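Next up: the structures, one after another.
Look for chain A in each of the two complexes below; its partner is chain B in the first and chain C in the second.
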Partner chain A sequence: MIGYTIRRILQAIPTLLGVTVISFFLMHIVPGNPVRILLGNRYTPERAALLSKQLGLNKPVWVQYFVWLGNILHGNFGYSYVYNKPVVSLILQALPHTLIIVVVAVMLAHIFAVFLGSVQAYFENSPFDQIVTVINYFFYAMPAFWLGILLIIFFAIDIPLFPSGGITNPTVTHPSFGDFAIHLVLPVVTLMLISVAGWARFMRSSMREALLQDYVRTARMKGAREFRIIFVHALRNSILPLITLLGLSLPGLLAGALFVEEIFNYPGMGLLYWNALNDRDFPILLAVTVFLGIVTVIGNLLADLIYSLVDPRIQYR
Partner chain B sequence: MVSISLYMGCLFSQGFFVIVFAVYFPPRQDAKEPIGVCPVSNVLEVENLNVEFNMDGKYYHAVRDVSFYIEPGEVLGLVGESGCGKSVTSLALVRLLTKTARISGSVRYNGRDLLTLSDSQMRQIRGDEISMIFQEPMTSLNPVYKIGSQISETLLLHRNISAREAFAQSVEMLKKVGIPRPDDIMDEYPHQLSGGMRQRIMIAIAMACNPQLLIADEPTTALDVTIQAQILELMKGIGSEFGTSTLLITHDLGVVAEMCNRVAVMYAGEVVEQGKVDDIFYNPQHPYTRGLLNAIPKIDAESKSRLQPIEGNVPSITRMPRACRFAPRCVHVMDRCKVEPPPLFETDDEHVARCWLNEVKEA
Partner chain C sequence: MLSSSFAQDQAEEISLETLIERPKFMRRFWKATTTKIGVILLSFLILFSFVGPLIYRHSAITSHLLHTLQPPSARFPLGTDSLGHNVLAQMMVGGQSSLEVGFASAFCAMIIGVLYGMTSGIFGGWLDIIMMRIVDVILSIPTIFILLFLNVVFLPNLWIMILILASTSWLGVSRLVRAEVLAIKNQVYVEAANALGASTWRIMVRYMLPNFLGTVLVAATLGIADAILAIAGLSFLGLGLPPPTPNWGGMLSDSMSYMFQNAWWLIYPPGLAILIAEVSINLIGDGLRDAIETRHR
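Right, the complex of A and B next:
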């Protein structure tokens, strides 16, 4: 299994390189010159030329790429143009915030999806199944930003239960744990609702198939209760494909977090990325992209490894 | 980090259900209901069992007016070609058919009608007093659980014993069914075992609680010939050791000759002939039974192909002949056979046949 892991990591390197090439050149194609944005109304051609030279933006793009690549191989992700701080420290600052909403949302989404999907499959075509299916499609079709805005309108403005954004109440100097938690509610719910829908549908079909298998009949023959049949015998089997799906949906989730953070003004990786995009802050954009690429690769690898732990038939060598 | 947490979440939610399960659904500990003592009565008495399947809103008969009984310690054979309703009959007895099935008649097990029991009463009987071995050894075990836990599960569901005790008894069961290295096998998964081994495991699971009645649905059909013989030998030994009554379903009359006391021949959802094995073999009364007997391979006993003895096929349940269901394939068919369904005629002591040819003899 260790050999397999190393091989997978080595195989991921060309993919990651490809990701950096594409995002690097895309960034330079997108209209909007960082120098112009940085200088604002102090802009003169002379100042622009000087700043371009300082930032190394005057060289040909492919030269810039290799300079950048050489730097990150030495662990140097450069300085943000706008904040004038090391990119790494900005990312480390934002990362915990993103982690907490993504992790909490994914865990909740997973629990709901597994439970809903299983019960739906067991009571296939019942009114419960049909109603949940309709609700699922509703959230599945809904873009994250739209759902986020609706939630703000309903639960922050019309019924002011939760704050509409930020991580703590800005008027409080020493925020409590409860203050942090209440600011998490709407972003987490948004992210959760958009992921639950797809996973529950997936779980439903996977569970449906599992319940038709011969080993389920064997379990009934033993005299097991229906609850045990669903959640012990069929669940372990039907959850297997969900693990792979989780690995594959990782980039989508992080992209979802990007929108959610923007809407709720939540200072995580997503907001960092949005702001960097508006400012054409190339070092941040590139670093976040590489980071997301690495997370995705690790996510898929972990999904495969966990699959092999849960499914005794799979063995990696 | 993100992904690690993601998968923690994934595992967590499964753990969550297991905990909920453990808290709300502890293993059942209540004792079995006492069964009326009635020493000479039959273990199983099936009377006018009918099974219909709902297909697109209409009900079709898959099993019609099936009646038979099994005496204590007896092996009753149920034979017939593929698709004639053997599995449906056996699954109906223990109420394991899909919800689209409508069952009527009576299935008296030690005097209690299984068809009128509540679901929970039925669960207490399944796996404990009545067990079943299925036609598909390759898929009947759960692929993600160890053999050990799959055998002990039956014990834990029905006996008030500790997991350790159940484990020890499971190892004993594995020894009884002739599994080499039982301690190692307890820790292995189904995919590591051959078909014959898996069927032995299924027998161990079925026999773990020492049931009074074992239903074996073509236990050897999916296995190759040498393994078939071993499994039959094993079933014979275990059956007489435990004093189990057995309903042995097969399409192979050779198996019947070797294993059974009496036999019921099934065709298109009906029992067409029933009697002692010797009577059926040496004095068959129904043209279908004769057809089956003529088709037993005599010279090349190695042939394991399914028997297709008689011209034509078993009709599908949507297109049953109105009167005698065997009429389209019968060489003795008469006009009457196509309009009037034949009843069961008694031809001998404990020997019945569903064919108009027997009416004359009876008169």
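Right, the complex of A and C next:
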């Protein structure tokens, strides 16, 4: 088990390095000279030469890569062109906002998906199962951005229950916890609804398989109540693959968060990236790409390790 | 469970050629009501986008400046937007680019994925490890971030857009193909072909490809849905194909400015169109999978 953990962590390192290489490479296919962009109309050939020497841009690309890699290992992601602030401080401001909507949405989505999927599997082919399957199909195919707009129309405009965007009420100087929470509702619900469908589908098939196992028959023979059979005996086993699925769906969730943040004007990593795209603020773009890559790789790593912890049946060589 | 069904899979060795020749395949494909609904919905969208403009002859890019933000009327069946564009005509033209880009990029992704996955699987060893590690790495970065970035850098036309979308969507196919190749590469008939002096290329195309073309086709079909969603998403974020070409995603993002005026005719049609495209292609993809994977019955 410890050997497996160490090996799995060692395996993640090349992937992490790969993420940095790809991101760095992406930024280098940008046409145009960064020095020219930075200097703007103060451009003279002498200043350009000086600046590119200061920034290390006159060195070969691979040297630049290692210098940059050294910098990010020291937590230095460079300066934003537009905000004139260290990129790290901008990211550290945005990251918690994204994490909170993603984490809350994932937890809620899991609860719903597990419940729906289990009940669907138990009442397989019943009208309930069929109706939920159809609804799931629609939410599975629903674009996050349209769902977000519809939720704003229904629950912020037609029935003004929740605010349509932002993180706090702009007229209040010291926002309360409740103010933060109410601004989270619609973004979280959007992200949750688009995730529930796929997971419920997965949970249904996983639970269906579990319900056919011998231990379910044994439990039934012992006289356990049906509720206990589904939610204690079968659930424990059928829920395990969901851990792996969660790790795998991280990139999709972060992509969903990008749209949700854009629609609800919610200042997370997605909105930071989108604004930086419009400003052509490349240090931010590079840093966000690397950060999200790291989050995904670590998320997958954790999912694998947790899986190996909770499932004693799996033998690791 | 997995390993046993896998072994069955190998034992059956169904090739797409024989599947399609057998009338059974089409019958299995058509049997499910859901597949029929999918085919009907998709045909409707294709007719609407490509044949529609031939019947409903109104320009999508003419601004009727005296009739901006009009609700549906006899003259404008789906109303007009803030610039006085005819929404119905825009929906049709917007569908063309979405469907073209979706189908073409899924096709390109399928070809890249098959070639990459086969190369990785056949040659094995270090090449395989490195090639698959590259796939892992690219998959770690959420696709939409890469797409947005490439979109900003290249300011694409239709063809570049197709390539950009294909550049991130071949990864899944390549993994699938590699796994299939690893499963069949030590089969006796491949060895026999090798012993008879067939070239690697010939073995790939004649002996291996037919084995997993069905699986790849399912993945590619579902890839069309992903590509249509991606192009809509990019347009929604203000990128995608350059104006004045309308696109469902772009129309949706324009409609956001008029949410408070209750301009429902701007909000529902493009969203519904994307939803119908997604649902119909997913239904067809699932139908194809059920028809190809016979071991599940």
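The working rule: the second predicted complex is superposed on the first by the 268 of 317 C-alpha atoms of A that agree within 3 Å, B and C clash if a C-alpha of one lies under 4 Å from a C-alpha of the other, contacts with A are read in each partner's own complex, and residues count from 1 in each chain.
Simple rule for what comes next: a residue touches a chain if its C-beta (ideal position, glycine included) is under 8 Å from a C-beta of that chain, and two chains touch if they have at least 3 such contacts.
The structure displayed is predicted, hence computed values, not measured ones.
S.K.: Do chain B and chain C fit side by side on chain A after the overlay, or clash?
M.R.: fit
S.K.: Figure out whether A:Ile22 sits in contact with chain B (first) or chain C (second), or with both, or with neither.
M.R.: Second partner only.
S.K.: So, A:Arg220: does it touch chain B (first), chain C (second), both, or neither?
M.R.: After superposing on A, A:Arg220 lies in contact with chain B but is clear of chain C.
S.K.: Return first, second, both or neither, reflecting whether A:Phe138 touches chain B, chain C, both chains, or no partner chain.
M.R.: second
S.K.: Once both structures sit on top of one another, what is the angle chain B-chain A-chain C taken between CA centres, to the nearest 10 degrees?
M.R.: In the superposed arrangement it comes to 80 degrees.
S.K.: For A:Ser195, using the defined touch cut-off, is the partner it touches chain B, chain C, both, or neither? Pick first, second, both or neither.
M.R.: neither
S.K.: Taking the superposition on A as described, I'd like to know which of chain B and chain C A:Leu258 touches: first, second, both or neither.
M.R.: second
S.K.: Which holds for A:Ser238: it touches chain B only (first), chain C only (second), both, or neither?
M.R.: neither
S.K.: Return first, second, both or neither, reflecting whether A:Ser206 touches chain B, chain C, both chains, or no partner chain.
M.R.: neither
S.K.: In the superposed arrangement, which partner chain does A:Ile152 touch: chain B (first), chain C (second), both, or neither?
M.R.: In the superposed model, A:Ile152 contacts chain C only, not chain B.
S.K.: Can you report the least C-alpha distance between chain B and chain C in the superposed arrangement, rounded to whole Å?
M.R.: Here the least C-alpha separation of chain B and chain C stands at 12 Å.
S.K.: Following superposition on chain A, which residues of chain A contact chain B and also contact chain C?
M.R.: Chain A residues touching both partners: 254.
S.K.: In the complex, go through chain C and note every residue touching chain A.
M.R.: Chain C reaches chain A through residues 1, 133-134, 136-146, 148-150, 152-153, 225, 229, 232-233, 236-238, 249, 252-253, 255-256, 259-260, 262, 267, 270-271, 274-275, 278-279, 282-283.
S.K.: Chain C touches which residues of chain A in the complex?
M.R.: 14-15, 18-19, 21-23, 26, 29-31, 137-138, 140-143, 145-146, 149-150, 152-153, 157, 209, 251-252, 254-255, 258-259, 262-263, 273-274, 277-278, 280, 285, 288-289, 292-293, 296-297, 300
S.K.: Along chain B, where are the residues that touch chain A in the complex?
M.R.: 1-14, 16-18, 20-21, 24-25, 94, 96, 123-128, 131-132, 134, 136, 139-145, 153-154, 157-158, 189, 191, 202, 205-206
S.K.: Name, in rising order, each residue of chain A that touches chain B in their complex.
M.R.: Residues 95, 98-99, 102-103, 106-107, 110-111, 114-115, 213-215, 217-225, 227-228, 231-233, 235-237, 239-240, 242-243, 246-247, 250, 254, 295, 298-299, 302-303, 306, 310-313 of chain A touch chain B in their complex.
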